[in-house]
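Labels run A, B, C and D following the written order; every chain starts at residue 1.
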Amino acid sequence: MKAAIVGATGYSGLELIRLLTNHPYITIHSVVSNSYDGKNGEEVYPHLSGVELPRLAPMDKDGLADGTDVVFFATPSGVSKEYIPELIEKGIKCIDLSGDFRLKSPSLYKEWYKYTPASQKYLSQSVYGLSEINKEKIADAKLIANPGCYPTAAILGILPVLKQRWIDETSIIIDGKSGVSGAGRGLSLGTHFAETNENVKAYKLGKHQHIPEIEQVLSNAANQSITLTFSTHLVPMTRGILCTIYAKLSEKVTSENVVSLYKEFYRNSPFVRIRENGTYPSTKEVYGSNFCDIGFAVDERTNQLIIVSVIDNVMKGAAGQAVQNANIMMGWKETTGLELSPLYP
Amino acid sequence: MKAAIVGATGYSGLELIRLLTNHPYITIHSVVSNSYDGKNGEEVYPHLSGVELPRLAPMDKDGLADGTDVVFFATPSGVSKEYIPELIEKGIKCIDLSGDFRLKSPSLYKEWYKYTPASQKYLSQSVYGLSEINKEKIADAKLIANPGCYPTAAILGILPVLKQRWIDETSIIIDGKSGVSGAGRGLSLGTHFAETNENVKAYKLGKHQHIPEIEQVLSNAANQSITLTFSTHLVPMTRGILCTIYAKLSEKVTSENVVSLYKEFYRNSPFVRIRENGTYPSTKEVYGSNFCDIGFAVDERTNQLIIVSVIDNVMKGAAGQAVQNANIMMGWKETTGLELSPLYP
Amino acid sequence: MKAAIVGATGYSGLELIRLLTNHPYITIHSVVSNSYDGKNGEEVYPHLSGVELPRLAPMDKDGLADGTDVVFFATPSGVSKEYIPELIEKGIKCIDLSGDFRLKSPSLYKEWYKYTPASQKYLSQSVYGLSEINKEKIADAKLIANPGCYPTAAILGILPVLKQRWIDETSIIIDGKSGVSGAGRGLSLGTHFAETNENVKAYKLGKHQHIPEIEQVLSNAANQSITLTFSTHLVPMTRGILCTIYAKLSEKVTSENVVSLYKEFYRNSPFVRIRENGTYPSTKEVYGSNFCDIGFAVDERTNQLIIVSVIDNVMKGAAGQAVQNANIMMGWKETTGLELSPLYP
Amino acid sequence: MKAAIVGATGYSGLELIRLLTNHPYITIHSVVSNSYDGKNGEEVYPHLSGVELPRLAPMDKDGLADGTDVVFFATPSGVSKEYIPELIEKGIKCIDLSGDFRLKSPSLYKEWYKYTPASQKYLSQSVYGLSEINKEKIADAKLIANPGCYPTAAILGILPVLKQRWIDETSIIIDGKSGVSGAGRGLSLGTHFAETNENVKAYKLGKHQHIPEIEQVLSNAANQSITLTFSTHLVPMTRGILCTIYAKLSEKVTSENVVSLYKEFYRNSPFVRIRENGTYPSTKEVYGSNFCDIGFAVDERTNQLIIVSVIDNVMKGAAGQAVQNANIMMGWKETTGLELSPLYP
């Protein structure tokens, strides 16, 4: 199977290259980058020295379709929607790592992303690629809207207990903490080393564009409209997201009950690992891997359930999940090319 | 005024030395460290090379009292309560940076700290040294229970709006993020560089010994029993605490209203700085200083108030506040010896 | 092929587990750890959750030999020499990641390591496992002395130009910079996060036990006795070693000449990558991989050759090279199980 | 005394503000920043919230002179030389933190900086502001060329032993390691957090513009032309420079001899601290302070002297030394406003 990667010099694009060069069934057919047009990968990414890659080319609609089976878009918001409809019509599968096709409602997209939305037709066709939740639809999809990094950790963390109706669905608060690679490779003072190192900062409190994405998925799952509080923080590390999720318990359940529920819920999900014995995962425990690790505490004093969910934002939060979805779409084993243990320490 | 520092080789003790060597009215009379008995400071702390300090001595009850006006205890839990009663009886002022005298209830102390509590007599005498809240009592105190690092950031962040009764007092959730120096200088795998770097981890969810301390202060202030959810996280940096505080608004107020309330509440508090315009403070903005910076967001979709409160845990969260309390006790200007701008970057 | 790992809970042991669980021809037969006796890996290393591993067992000489084809020793200095002779006699191959069998001279070992050396018989049998230099001997070896982390980067960096006699062999200075994982998993104030973060420090200047190892290999290669200056520094990161190597040029050569020489020298070495065009590698460019990347500058003003050589100390500097050596010993393709791209960013 | 700061929003400018707001004899009269014209400091630097500062103004030659006694230029190369001659003629003292007036030879400036040099007249007038070396000339100067960060650490580290003629002056190699703030506040991929964190990289080997500066000062001191090898590395921390300096001993001296020589040489230099007993300083031991700490090793095997010299690049390497020079120019105590202990940890 031949793949094209659009946005091949950003962090998600780069991780796609790392994964696909080791994938047994996918070969990289073309790599598109407007920023580094005409250079070979080795010049742009010395760490890939020795890896044979197509020369970086600028965006070319026709060339992109030529001989390609699947296109991964690792582009900023507002880009992929310009190219995907045509590719879909030509029968090329698309996996979009940006937010352009995640929200089913064009008006919500416009409100939160400030761009013109894609047409309803393609929004409707797109399948939300949270592999653990939507496996069957993904298998049949032509267009995958690959989830955002925070939504992946948040939804995998809260969904089972919400569906089980063990929590007050109006009480959900998600406190997200992310490494700096989540902000991408674009330069800004907020990601300048000397400003970011030895620093924790909150940003976009209650205003992050991942909010409607999380609410949409949870509302569908719960069959009722979910509104929640979501805040985000930048921590001085490169990779990793940890979401601390708070919800009021509406049933009398113990931490052990919750562990059992999640183990059952994810029994066929090779990348979700449930922590036992009152231990919680840390981001380093999934570093460089496609795992989502989840642990729990029940605060009996306040009847709060506290869920800790961690992922590597570049892997399960972006490129790893995109490859997982490609595997599912093609009917391959879900873990193909993704059997990477976390790098520790 | 002559000061003794007990526990002079831990991080709080060390910061006390940094502050007191530049304090115009306090001289360091003796420094006590069982771990480094008999060494001079320069050997133990090369960064203090050139600073004249008394030789490190082991604990000696009588020697400690001799010629000393005030004793700072920068010791682990369970130590200061063995020495403070006798010192108090000798008329020596004590400022205890540990948790031994913070909780008025001996049984709560036993439950959360697992040590035998101090006697009720001295617990009752002790004044909780959150300088901004308790200034008058501190001025008359003989024994100061210097607040914990998390409680300082949390209480300063939530108290004004709680007292104003603008929030549902049953809805408070505090998500704390701390630099690693907060775990002290004792060695453990959890603070080993290679395990901690590039890692965020949750710990003691709902079980941190700072919970009853925060609840005691808020309950007193609100004249009703407050129970809250408190979780703590270790982030890969040395100094700094950021608390993200969530509370359901019970009144229709805007972010601007909250800013005004806090500006008024802290108008005589030189170390509390209120952020305007929907901006939030980051820990680097108070690095090395005694400030507590606070910012706000009102999430109108969920009617949540989100408060971000930051301190340097070694300064306002420990040694800086201890010196601030010493200043207040002595009737000096509160900021004496503490006019240090944050180190940026 | 069945492998045992002794010292399975240190960083090198752990990396061996990461590599061997993905190795197509090796299975992990037993894992030995005196520190965590009787626990399963998941408890000790939550990041390995889901990986099936033998239960951690304490050292047991007979059990170790039982059914085992090869034993990896990832132990501190002074341990492996107690066990290896007996294993060798039983026909079990040994790969020793410690320094016990690297120095051919027992007296040098005693001088630099301060332990009783292994017997001359086994020292003589041991083959120095710098895969790129000693491939033929490694193929026939029963006992591999796996190189130290600094020596791997340093020797690969300087050897070709030394053998070519383009430098004054009395002028070599190696300035090493290492991430903190190189200091191992043992606790010390020197690797305590708050002391190590935001800090660069020099240590063991001219006194590091890797000095005689480097000199022994270079002396053999150059057929003359080499004495050099070697200094080491700890930098605030987890993984990676960068050696800056200085040598006076004795011939009139350009940077391009040096690049050509190295490309030719390492033409059959898949893990050595030579940088061109006056660029130098950084440690992140080999992070998590088995590569050694080397770049050059010729300072024409001073006639100095400056060589920059980087490795991941846990991989090519320890576990990765050990697996590379196992592959060579077994006649497998050298890169088997090691085709991991660096993790970037 | 009224000071203007030009380039007040870069890191050196910012540190000048931190120092001058606490200086007893200097007040900040105006702050110039083209980038943040018209904003007040609080908006640009929230960490300075509460500090009263003049509003940021764009460069205005006449306004700058008006009512000002001294102007600090914390500007990039090529800027200050356009303004300083006119200010000097008006009798205003200038302290230039950029490289524009450091090299006495216009052609050397052109070669290494690639800008048109300042006129010889003002280059000749300028006094190189390495406070410990040039105190008398600084006291009489109108124009100070404040030293570069690397040269400060390097020259203070090597000068005494060079003047004493204990080393072979052709053998000097300086291996510099710097925190990322040294690269300034301008955005680049090389200082982007995700690229810089967990990474050590070499840059400008043998080509750094600080090379002629170091050579000029050492040549003058030694009364002979000194050419040396200098390489620079970026390490993942914010502040701090450590220079490891190698020189062949030409005399039979011990480490103790060297310590004695340096103690004597710097006996009147309050900011230079000499380490004894074979210990070396680390950058954290001078963090946030104006100290330069120096330690030594003599490698008897190779007859090499190894000197370790550390500074905080933003303090002694820039703003701190500028204030020290201002103190000397004004006849005040050298340490005025600079009595800041290092921040540890």
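List of remarks:
Everything that follows uses one rule, which is that contacts are C-beta pairs under 8 Å (C-beta built on N, C-alpha and C of every residue); 3 or more make two chains touch, one makes a residue touch a chain.
In this text, all values refer to a predicted model and were calculated from it rather than measured experimentally.
In terms of C-beta pairs in contact, C-D outnumbers the other of C-D and B-C.
Each chain gets a centre from the mean of its Cα atoms; the one farthest from the centre of subunit D is A. We define each chain's centre as the mean of its Cα atoms; on that basis subunit B and subunit C are separated by 46 Å.
Distance between subunit C and subunit D, defined via averaged C-alpha coordinates, is recorded as 38 Å.
Residues of subunit C in contact with two or more other chains: 11, 179, 181, 194, 197-198, 236-239, 284, 287, 345. Touching subunit B in their complex are the following residues of subunit D: 11, 14, 17-18, 21-22, 45-51, 181, 197-198, 238-239, 270, 273, 275, 279, 281, 284-289, 293, 339-345.
Put simply, subunit C touches subunit D in their complex at residues 173, 175, 177, 179, 194-195, 197-203, 205-207, 227-229, 231, 233, 235-240, 242, 244, 246, 280, 282-284, 287, 295, 297-299, 301-302, 304, 306, 308, 310, 345.
Contact residues of subunit A toward subunit D in the complex are 11, 179-181, 185, 187-189, 191-194, 196-198, 236-238.
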